[in-house]
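I'd like to ask you about the structure that follows.
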Amino acid sequence: MAKIDEIYEGVCKGNRKLVAEQVQAYVDNDGDVVELLNDTMIPAMRDIGDKFSRNEVYVPEMLIAARAMQAGLDIIEPLLAAKGHKARARVAVGTVKGDLHDIGKNLVVMMLKGAGYEVIDLGVDCPVEKYEEAVKEGAQVLCLSALLTTTMPYMKEVADHFKGRDDVKILIGGAPVTKEYANEIGAHGYGSDANDAVRALENILNAA
Amino acid sequence: MSKLAISNINDFIYGQSPQPVTCGNGLVIGGGRVVPELNFTLPSMDINEQTWPAVRAEYEDMIKSVVQRAAELEAPDLLVEFETLPPMTIRPDWGLEITRLLADALKTAADKHGMRTALRCTPNDTREFERPPLMRQGAYWDAMQDFFARADEAGADLLSIESTGGKELCDDALVNADLRAVIFALGVLGCRDMKFLWAHMVRACEGKRMRPAGDTACGFANTAMVLAEKKMIPRVFAAVVRVVSVPRSLVAFEAGAVGPSKDCAYEGPYLKAIKGVPISMEGKSAACAHLSPVGNISQAVCDCWSNESVQNVQLLSGKAPVVSVEQLIYDCRLMNVASASADEDARRLRDWLAASDATLDPQAYVLCPEVVLRIAEQLADAATPYAQTRRAAACAIEEIRQGYEDGKVQLSEREVPWLDIMEMALEDVPEDENALIEVMRPEVNPKICDLREYGV
Amino acid sequence: MSKLAISNINDFIYGQSPQPVTCGNGLVIGGGRVVPELNFTLPSMDINEQTWPAVRAEYEDMIKSVVQRAAELEAPDLLVEFETLPPMTIRPDWGLEITRLLADALKTAADKHGMRTALRCTPNDTREFERPPLMRQGAYWDAMQDFFARADEAGADLLSIESTGGKELCDDALVNADLRAVIFALGVLGCRDMKFLWAHMVRACEGKRMRPAGDTACGFANTAMVLAEKKMIPRVFAAVVRVVSVPRSLVAFEAGAVGPSKDCAYEGPYLKAIKGVPISMEGKSAACAHLSPVGNISQAVCDCWSNESVQNVQLLSGKAPVVSVEQLIYDCRLMNVASASADEDARRLRDWLAASDATLDPQAYVLCPEVVLRIAEQLADAATPYAQTRRAAACAIEEIRQGYEDGKVQLSEREVPWLDIMEMALEDVPEDENALIEVMRPEVNPKICDLREYGV
Amino acid sequence: MAKIDEIYEGVCKGNRKLVAEQVQAYVDNDGDVVELLNDTMIPAMRDIGDKFSRNEVYVPEMLIAARAMQAGLDIIEPLLAAKGHKARARVAVGTVKGDLHDIGKNLVVMMLKGAGYEVIDLGVDCPVEKYEEAVKEGAQVLCLSALLTTTMPYMKEVADHFKGRDDVKILIGGAPVTKEYANEIGAHGYGSDANDAVRALENILNAA
């Protein structure tokens, strides 16, 4: 018999082995994988994300949790697909052209995956064409990251490119980026850190 | 007998180094007086053929207004750093044109105001602009070499760089607080690239007026510091990374660099203690460029005092570079007045600067002059850069633990367990460098890092 | 026996004043530790009904980020100054709404981080917004009084102002380097207006939590300093104007103000020596707001250390107010570490700060602690504010001349003759205040200045 | 017999009495007043202005010179008018709306008068209407001054108001004002100090 509580705890504590074992047991027991995902695994990641926002855990701990979560996802994903379950949304994440910083971008990718989104990782140094491709692949929201004041203006170019297209929302973040800048360039959301990006994304999708 | 250039705490003072560097228009660094080092950069703007006249005009405006303010404040010394922007390194003609413009202005200032001036030129390490980076070949590296070769002719007095060998692995290692991976990035890859790179940079200075100055572990240890300031990783981890970066930055001096080290190299005090070279540091007066927990202690044994970098934007009083130069000059005045009074007074001020920050943060604590000397002594004794790097981690953990137990540095509750975590991680780092390489090799993603580019 | 509150140079130290002020959430000023005083203001934006939510949001952002950084740096004390913008004084509801917002945030910070905090509220002296200004009547004055009356309720802990009585004549007097007209503006009109204004401000604080803090001769002596920095008027003239402004600023304390004086009141050391009140000062860390020749010496005997003002604009590291608070906190750490070591050490640091600037500029020289005490002694002895003002000019000229002859302060060649020019001008300033009034009356343009508004 | 050299020196040294005496002597002797103005008095003021720019004299000395110049002008102005002599140009100077600083503005007025221009002093706190009035009174160039970053944006409003009107040129200056800002708002000139304003005005008129 699988222990739901142990899966939750296992994700929070980043116990990969435990999560894999218990998820397997749950699946073997014909448990509802959609329920497991939505009611246990995603809340566990949200829990750890909130702890990070409250300065109770560090990023490495969050990363370990994400890897434990992934170990569970690897098991249930084929079953979810078979059941026709869809991710909450498909989003693309990339650092903008001229900027090679990926620390922040990688964290956002990880947190969004942990929150149940399907994430396309566009990498760094992304020109507008790369974001356009992602949209063609079904991305509903584009998450733009920049660490340099010199590359930040490129966010505006991307935002301008997609202006007036209702099917594409823009979410931006990064050290020099501010909420005001997001408003100024007409982005639909702003995330002050990786966990905040999840919240901002939810707001965008709820508003849509 | 100590292998350190400075082993007595009484000789470990700001403004004085055993190997002073004379450069530019009569400027002496480490010869008794702390020198303000000003760095400025463009406001947000594109750099291309069309905007080039405007780019030139910005630099003309910056150097003119900065020199004028320094003259008004009767600053005896002024070091200016020109850190190029990537397009100016990729196309050296551009970077060298600005170098010439700045060098000429500093020469004029020297002639007109009797100011001792010099120009530090810092091209970018553009090799990091692709993944995996090509460290020893390719267009980026070719342009860098071209820049080095022609910088003296363009008027550069000091040649520096913020080199990035190993950074492509270190970023991930930092966010994972993975000490072993950090040691691999800095102690294996970083040290090897430094040896390669600085041999070229030193050669570019041979027989010329331009001196090979120094490097910085900015992309490593300052990234850790910024992550710690954002509470993303533990401060104790960032403090250990700082010390772990020392052997890597030392390699430049083994290869012939003479100092001053780069301003953002907070590992500077270690370099000064071990090699006797003058160092540049930055702290509270660089808050415009980054916040830090070492605003005062970074001043304690500096030879140049820098603002790191500031954009040419308008503040209420004037342009930001002018504001910075004024702040640096006042900071230097205070240090130099105290040391002119007596060496004893320089030591007093040094100790107050250190005591200001040391107890509050482990990253400050590892910059305490006495802690630096204790750890430096251990490092000087190690046989290879790798052995030094491994020992640096062990010494830093041990010093922080001891300091914490003795009440000399406070740690928040959630920081403390990380001392054990790091100690355990260190147990998995083999003494033999090749053993570590073989452990790490399968973990390295060849799309991110090509080990052959490090001769590994 | 000396009439000074501080007559012994050994007792004239930063962070310590004979009459400390306790305010806000347990903050003690002048009680042993120097307190950082941060001031911030809006970036360039309109203030109107439409933009009001955005204005509020800016202040929310500023106070939040500043408090957060102060907490991260474990600053024990934080004084925030809210200097209103004119629309917020003309319409007190607006200014008081922001006052409330800031006071609440500082209270929360005190509760959450154990920080001792307080809010200084500084409405504008909007009376100067018309010519001739109405000093004792009219809509501007009514709104100011309304503001004073309701500031305590809105959460202000200290009430200050940069008052402007006499400024309408002083500007012209300064560009003409007309010492007699300056004395008339400051010693006759300024002192009278201060007496009138501060009687109201002290009354507004009676029986309340809010304390009447202090004023500044900013519009007079700092205007002179800025003109001298631009080489429009001689530095010796600006130095004399500084001392001449002392009696005017003293009037607030005669009327019941308790300190700390305003940060931009560089006449502060005189106020502290004569009345024993704590003072706020600004220098190198206020370079963002204005450049000055007194960046270090202004720190020598300060009780609060301020950045003057900074707009909420983005710098490379973060928003400018956060940069300022970090710099102030580090400056305060250094001062407080030295004084915690020993009073003797505080005096050492004080003397280095003073020696940093004193020889280079007469405006710095007149802020030397020993010069301040000598002149203050003379001022304390004069019978009326006018007599003090006249004597201040004579003492300042004499001290600068003596300092120059003794090699304690350098003057450029073209500055020196101005000592004689000012001395001769002073001979034309009658001992009797009424005599000066009658000399000046016909020269005053009634479209610029209405003497009746000063009771003259 | 009037001594031209003494008039020149008298202006430079600010010797009001000497200038008045010598100018009167010159006039009594039927000297050419246009020549006196253009070849002696204006060059003397330019000389003192340049000395100020080279940090050789202070503003008070420049002001004394201007008053000495004015003493001479008071004598020759009726004669100039009778001869149909026209000022070099008519210009208006004012501090912009919301800004009450007049030190810089007054210096500009003084330097422009000394350089032979007819100057309309608009005072401080000038709304766009006031500049418009000055144009109706024949001002060819409007000199805008601002000392506050908060009032500087009003310069753009004035510049926008007169955009496309070939008969009106805008010259701006003041502590927070930069050459770049002048370009940005489409002003025709920028003066870094009172003396530089004269140079900038000459450039504008020569270009016109």
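To keep things simple, chains are lettered A, B, C and D as they appear, and every chain counts its residues starting from 1.
We adopt the following convention: contacts are C-beta pairs under 8 Å (C-beta built on N, C-alpha and C of every residue); 3 or more make two chains touch, one makes a residue touch a chain.
Predicted, not measured: the structure shown is a model, and the values here were computed from it.
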Chain B and chain C, separation of their C-alpha mean positions in angstrom: 39
Distance between chain centroids, defined by C-alpha means - chain A, chain D (Å): 64
Approximate Å spacing (C-alpha centroids) for the pair chain A, chain B: 35
Chain B and chain D, separation of their C-alpha mean positions in angstrom: 52
Numbers and ranges of chain D residues touching at least 2 other chains: 149
Chain B: positions in contact with at least two other chains: 311, 316
Arrangement of touching chains [line / ring / star / complete / other]: other
Pairs of chains, among all present, that meet the touch criterion: A-B, A-C, B-C, B-D, C-D
Residue numbers on chain C that touch chain B, as the complex places them: 69, 72-74, 229, 283-285, 287-291, 293, 295-296, 309-311, 313, 315-318, 320, 322-323, 326-327, 329-331, 333-334, 337-338, 341, 345, 348-349, 352-353, 355-357, 360
Chain C-facing residues of chain A, complex: 149, 176, 178
In the complex with chain D, residue positions of chain B that touch it: 314, 316
Complex contacts: residues of chain B adjacent to chain A: 44, 85, 128-129, 131, 171-172, 174-178, 223, 227, 230-234, 311, 414
Interfacial residue positions of chain D with respect to chain C in the complex: 55-56, 58-60, 63, 100, 102-103, 106-107, 124-125, 149-150, 152-153, 193
